[in-house]
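Have a look at the structure that comes next, please.
As written, the chain order gives the labels A, B, C and D, with residue 1 at the start of each chain.
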Amino acid sequence: MSTANIDPNKGDLFEFLCRMGDNTLVLGHRVSEWCGHAPVLEEDIALANTALDLIGQTTLWLDLAGKVEDAGRDADRLAFHRDVWDFRNLLLVEQPNGDFGQTIMRQFLFDAWHLSQLTALMESSDAQIAAIAEKSSKEVTYHLERATDTVIGLGDGTEESHRRMQNALDLLWPYVGEMFVADAVDEAMVAAGIAPNPASLRPAYDTLVNDVFTAATLTRPESDFGHRGGKSGKRHSEHLGHMLTQMQWLQRAYPDATW
Amino acid sequence: MSTANIDPNKGDLFEFLCRMGDNTLVLGHRVSEWCGHAPVLEEDIALANTALDLIGQTTLWLDLAGKVEDAGRDADRLAFHRDVWDFRNLLLVEQPNGDFGQTIMRQFLFDAWHLSQLTALMESSDAQIAAIAEKSSKEVTYHLERATDTVIGLGDGTEESHRRMQNALDLLWPYVGEMFVADAVDEAMVAAGIAPNPASLRPAYDTLVNDVFTAATLTRPESDFGHRGGKSGKRHSEHLGHMLTQMQWLQRAYPDATW
Amino acid sequence: DPQERAFQERINAGGKIEPKDWMPEGYRKNLIRQIGQHAHSEIVGQLPEGNWITRAPTLERKAILLAKVQDEAGHGLYLYCAAETLGVSRDQLTRDLLSGKMKYSSIFNYPTLTWADMGAVGWLVDGAAIMNQVPLQRTSYGPYARAMVRICKEESFHQRQGYDIMMKMAKGSDAQRKMAQDALNRFWGPALMMFGPSDENSVHSAQSMAWKIKMNSNDELRQKFVDECVPQAEYLGLSVPDPDLKWNEERGHYDFTQPDWDEFFDVLKGNGPCNTERLAARNKAWDDGAWVRDGLMAHAAKKRAAKLAAE
Amino acid sequence: DPQERAFQERINAGGKIEPKDWMPEGYRKNLIRQIGQHAHSEIVGQLPEGNWITRAPTLERKAILLAKVQDEAGHGLYLYCAAETLGVSRDQLTRDLLSGKMKYSSIFNYPTLTWADMGAVGWLVDGAAIMNQVPLQRTSYGPYARAMVRICKEESFHQRQGYDIMMKMAKGSDAQRKMAQDALNRFWGPALMMFGPSDENSVHSAQSMAWKIKMNSNDELRQKFVDECVPQAEYLGLSVPDPDLKWNEERGHYDFTQPDWDEFFDVLKGNGPCNTERLAARNKAWDDGAWVRDGLMAHAAKKRAAKLAAE
């Protein structure tokens, strides 16, 4: 990845950075919705911690996106003043929290991709991206460990916890495929040595999640059909718009205020 | 009521009209949240119908409020561009839908007050208010009939439906008192022959709801403690702000658009 | 079979079949499937539009949208009644919807993402529905034909309202125009799919047309729809997302690109963007409402018993 | 009782009582009540602030608020641990919270209605909490005193963050200033109530002070709080909602109006604006989470069993 070094189109790089930042923004928001409502105090703390890391990463990615775009938008402007069609997060991360099992399964499916993406980005030809990836990967290593343990603990727990985890997996699996599909933006990133080819991350991902599902006594769904439209922004789910009403209301209502 | 006829302070009249219009706006919104999710098709239709009536009444009240205020705000401007502290609806109507029983109990407790308020307003010294009240009272007569039948049907239905209706009543009863407490605005309305003294509506209300609770085999809560702060705007519940994020997002995000 | 022949001749002569008339099992079954599916579509169709009721931009728009969704529920009711005349209960049909055994129109498995989608749904989705339904006013089964008459009247009203929303958006601010174009981009293909696959691939077509429970070929209606929509899109100043779209002087029709039929079959299999959510929402409404239905029935039974005892 | 006398003398001499030391039943019970109530307050206290995490105005503010609420959960954890050293389990304390048998600070029964409330809660509520807690770093029970040291450090940080939010709001746009004043208006009285009723009406005061599990009188702390807050409000350009507030040269303190004690007792009885919701939210979290706790315990048991079998 670090061998090539063609200067990418500014627009492609901006898109790529929004994808990274919107994933953490949207997932961070979802996780923060749990605040005060987790099944046990330790989980309240851990979920808040995860959300906190993701919001921090968002600031890094979206500030850099704003710098690349060079149109006077910073991370806050990007986070709070775009409408659904401008969001570039994976459909997976905008899915609702559901029960705790659904939240943790979503986290695990994302973290497993996120960590390998960040690990690859640490070798990016873009030093700023490599630096953000390095910092983030430490946090995400911990997220993945926790999510893995919890998926295994609940998958291989009681009959009810097993059933709920299997339901969560069945529900969320169709959102996994989108992570690994490349488009023109990805190709431009690969050509510039900035980011890995999404498809190249799949084999390791499959190995990891298969091992975890086995330990968790969960059955991986047979179909690998994958919904698309989040990372391209072409067709998000209805959930994102509802999230934005909450996330952006204050900034939309008081556009001139500083906070 | 129609004997006195002192010209009221414009501000008081504006407040009063906002109270009427905000009640119907907020309750109409809540009821519309059911759309597509009711327990049976006939209820989907009936709930949509109720919401529709309430939204229609909102337009009448808030347009009149805007005319009285004479600052260039129409019903839409008032509905979609005020923040929580400027809302004057009863706390009752902003309470969440809960289960269907809670929704219907809220409707009944409100309708019973609403109809007697509108009936009194038909005698208002203000002809425009009397006209809106007359039109609305026809719709609300029907709302009250339906809500009454449903409260009785579910209260005196199965054990489960009885339990749920009693829970709903216990939960919502503390929001009834606010309807009957007069403040300076009410006193100004009484003095001007515009609106009845809120307290004067209580005896008939008590008779009505007691009869319905008896028929529904429900026990009226002992305490008549009543929460306040909605109609004065001093302290709404946390629910209203969340409702506004949804209700007002589009108008806040695109303040220059016409729709 | 002379009974079947007489039945067919009556249909050929333009006669109506009524509930008490004899009819072939296949006719009954096909009608139940078709009417039921249509009823389910009205019910599930409440969801994508209901999604924007709480975010409507003005009180008037909110009222119009509420009224529209209410109409759809009403259509569902007429259609379930029409199906009941064929000897299947609404509860049975509902259970078949909720279990996934019966289908509803695939279009409702697409999400509504901006306010412009309320325009696009009214304009294109109701537009396509009308195109399908107007001929069904002349369908051979009496109760179905009569339900269609009422429904078509309201649907064309809805379509005009949808087009009116699109107009406001297309003639509005830059952001609004962008929303309108984006909505058209997302709904064009799915709307074309509403007429079903090309006739050569359609399972039920020939027999259904003989029985007059299907009045036109899928391709015929799709062409008619395209011919009607393209000038409407032009009037809005929006571009139809089909680079190969052009007027064919010779045919007197627009040539256009077929929608993505792989996507269509994917959605049919349950892989549409919202299949899972739509069915989950309906199932939840049904399950959460069980105590209400039970409660009201128990009360009605008590009242009947009391009345009997008093007599 | 010589044992009790020795115990009291040790306290008088500034000694610390540790978990394994003998202690009077009343001391233990009072401490459990006080520490448990404090822990519950941290837990329930997550809710009013959690209410704005998803609506925070900037990424930084969102992160700060998340960190703060996380700290509160952490404080809850320390305090439950401190209580556990007295022989009561966290689960037991939780059940007593959820059933309404144990209390939490009444302040959390007030709603948070605008972003300025995040400022007011930090400034006034954490401010009042610190005023109560700083002296408790010297309380006689060792584990409690040590928990307080950690907690106070973080709380004073939270208070500064709250004041910083108020500053931004008070120096911001008209709407922001209005929000800030409105927040102060709503939280001033409830904050004064946080010190408890006047000492003559306080049940546990005298004995608790002798045992050094209460270090100052309620009125004394309330006065100190007012004296500190009034100049801070002035600096913000906000007015304290008390028309009779004025500096009393002679006393060297501000004279101020007592909060509405009827309201205080109403809230205590369960009639605060949010009592029902707060308890319902905690009960729902607990009930909905039962399968998670059970699942993780079952898994841990399986792992232990497997490990044992392997040995």
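Things to note:
In this text, a contact is a pair of C-beta atoms (placed from the backbone, for glycine too) under 8 Å apart; a residue touches a chain by one contact, two chains touch by 3 or more.
As the structure is a computational prediction, the values presented were derived from the model and not from experiment.
Chains that count as touching both chain B and chain D, per the definition above, are A. Between A-C and A-D, more contacting C-beta pairs join the chains of A-D. Chain centres here are Cα means. That of chain A falls 35 Å from that of chain D. Centre-to-centre spacing of chain A and chain B amounts to 43 Å, using the average Cα coordinate of each chain.
A straight line joining the Cα centres of chain C and chain D is 57 Å long. Residues of chain D found to touch two or more other chains are 55, 175.
Among all residues of chain B, those that touch two or more other chains are 83, 245-246, 249.
Contact topology of the protein chains: irregular, matching none of line, ring, star or complete. Every pair of chains meeting the touch criterion is listed here: A-B, A-C, A-D, B-C, B-D. For chain B in complex with chain D, the residues that touch the partner chain are 83-85, 171, 174, 225, 227, 229, 234-238, 240-241, 245. Residues of chain B that touch chain C in their complex: 25, 29, 32-33, 35-45, 48-49, 51-52, 55-56, 58-59, 62, 75-76, 79-80, 99-101, 150, 152-154, 156-158, 160-162, 164, 246-247, 249-251, 254, 256-259.
Within the complex formed with chain B, the chain A residues making contact are 83, 242, 244-246, 248-249, 252-253. On chain C, the positions that touch chain A within their shared complex are 48, 51, 55, 110-114, 175, 178-179, 182, 186, 266, 271, 273-274, 276-277.
The touching residues of chain C, when paired with chain B in their complex, are 43, 46-47, 50, 53-63, 66-67, 69-70, 73-74, 76-77, 80, 90, 115, 165, 168-169, 172-173, 175-176, 281, 284-286, 288-300, 302.
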